[in-house]
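Read through the structure below, which is laid out as structure tokens, and then see the notes.
In this document, chain identifiers A, B, C and D correspond to the written order of the chains, with residue numbering beginning at 1 in each.
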Amino acid sequence: MIRILVTGGTFDKEYDEISGALYFKETHLAEMLRLGRCRVPAVIETVMLVDSLAMSLADRERVAGRCRNCDESQIVITHGTDTMVETAAVLAGSVTGKTVVLTGAMVPYAFGSSDGLFNLGSALSFVQVLPSGVYIAMNGTHFPWNKVRKNRAAGVFETVDGAQ
Amino acid sequence: MIRILVTGGTFDKEYDEISGALYFKETHLAEMLRLGRCRVPAVIETVMLVDSLAMSLADRERVAGRCRNCDESQIVITHGTDTMVETAAVLAGSVTGKTVVLTGAMVPYAFGSSDGLFNLGSALSFVQVLPSGVYIAMNGTHFPWNKVRKNRAAGVFETVDGAQ
Amino acid sequence: MIRILVTGGTFDKEYDEISGALYFKETHLAEMLRLGRCRVPAVIETVMLVDSLAMSLADRERVAGRCRNCDESQIVITHGTDTMVETAAVLAGSVTGKTVVLTGAMVPYAFGSSDGLFNLGSALSFVQVLPSGVYIAMNGTHFPWNKVRKNRAAGVFETVDGAQ
Amino acid sequence: MIRILVTGGTFDKEYDEISGALYFKETHLAEMLRLGRCRVPAVIETVMLVDSLAMSLADRERVAGRCRNCDESQIVITHGTDTMVETAAVLAGSVTGKTVVLTGAMVPYAFGSSDGLFNLGSALSFVQVLPSGVYIAMNGTHFPWNKVRKNRAAGVFETVDGAQ
């Protein structure tokens, strides 16, 4: 059984046609698993629905708490990309004996041209085979939490030492 | 470096608006990697574009030959789902020392509601971390080639002994 | 009030992921009107769901009967493109005092790259302003029923005398 | 020949995956006409690409000038919905002898669930058959410029006297 913790991020943003702004309504994870014909037993839990730039340390610790206290040892977290690395560091400091994979999207799932479905397939796969630890799964690959940064100008994740 | 061998299957089918039939024009793999913002070095090679029900043993052996003779040791094969297991068995008998992951789709990528992008993200992830061997990546998980069958009535892959 | 008579055609075809064939399940008209935020009072009636190449004269007469016997004087008919002109001729011979606009699609609505939504917006608009008569609305314009043919090689409708 | 004047609005907004904001890159009109298999001779002219809330009176007069000075007598204008009625009033005061139809979208065309393609099919159809004057085509119908308002709370256009 895999636990999917939803925290928001670009992944789950939608367009509000009345205000013209982006907002969160509810997570698209169940719909995405259905679209992927995913048959891996998984439980979806919405911890919060926020922009990762608005996440506080307390928010990250709440996510860490859910990782520690849930029954599952394989955990996928959907998260905004801007502070995904910061949350990964908090998790690495307090979650042990579990495989935790954070993923996200550069474009909202609801907008058609999203990388979300690709990333979700990737994260769910990595979490089933990687040893215990905290990882980020983006751009088709996985990074240990302490070997990665987001290159905001390019909109991609890269290893800290630049070696891809 | 990952080699992606394209063989056709539902994955790459398109709708011919003149004849009203489904057909193959060219593979969508490059577009899908772009959509997934995939940054894993990968080379795409179209071996054939056929329905997997129309695949001959010679076709499967041609795919096996490409697996053996290419430089890469991580190989993803896109394949029709109906005879994916048969091709996997042929590969298992002749490809050694490489990780080969077959994947496909239940709905053409071009039709919007496809599982293709999810499966591609999954297959590309598994191929980077699984030990040598031949696997099928569908429905969010991976199966060793000799422990899986397609349940055609349900349209899903399942382990041979029924244990999920 | 506009009556929308559904007869099938490419418009409403779907992909059966078990058989790999195209088929009819139910009409997408209600969903399309919702997507178009259409607020024109309209009632949707599924008369049949068939390929227009499989339509018999009796089928066309059944459609004509529904046009004559319904209360509305503005009628949109969704129809396969291959024999749309034949049905239009049958309607022209037996429906009087009403504005009837036939439309269709070259690609199923469900497949993403469809012209269906564009054509529906067009047909619903023409039916509100054209005088009594039978018309075909395709390719962004309208044709009187006896001045049009489908160019099957090009997949477009054109005026019989070639004057666009 | 129809002239399509592009002014921006929700219609043409895109998601900037680096900044996470909505912005204008270029118009999608040509792509939309292609998708609709539109064969009506049409020329697309981008007058500006702005939010209609940011439109000045000078902007509206520039649009009016293009309407007066172009050769075509059938003109479709894509426009943000928030001040579409204001621009229509400016046009009505200075453009004569031409049929001008303004349209827009509640959701960007690029976001999948857009009403844009439906509205474009509608506007292009109305402009070919309505007598000279300035109209708004939204929600599947057309309104004379002085009989319509946008109900911002509901996100729909309605006749001023409430009679639909």
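To be clear about the criterion, contacts are C-beta pairs under 8 Å (C-beta built on N, C-alpha and C of every residue); 3 or more make two chains touch, one makes a residue touch a chain.
None of the values given here were measured: they were computed from a predicted structure.
Q: Is the contact between copies chain A and chain B built from the same residues on both sides or from different ones, judged by whether over half of the numbers are shared?
A: same
Q: Centre to centre, by mean C-alpha position, how many angstrom separate chain A and chain B?
A: Chain centroid spacing, chain A to chain B, equals 26 Å.
Q: Distance between chain A and chain C based on Cα centroids, please, to the nearest Å.
A: 45
Q: Where in chain D do residues touch two or more other chains at once?
A: Residues 106, 113, 155.
Q: Which chains touch, pair by pair?
A: A-B, A-D, B-C, C-D
Q: Tell me, which parts of chain D touch chain A in their complex?
A: Listed in rising order, the residues of chain D that touch chain A are 10, 15, 17-18, 20, 22, 106-108, 110-113, 152-153, 155.
Q: Please output the residues of chain D touching chain C within their complex, sorted ascending.
A: Answer in residue numbers: 32-33, 35-42, 106, 113-115, 117-126, 128-130, 137-142, 155-156, 158, 164.
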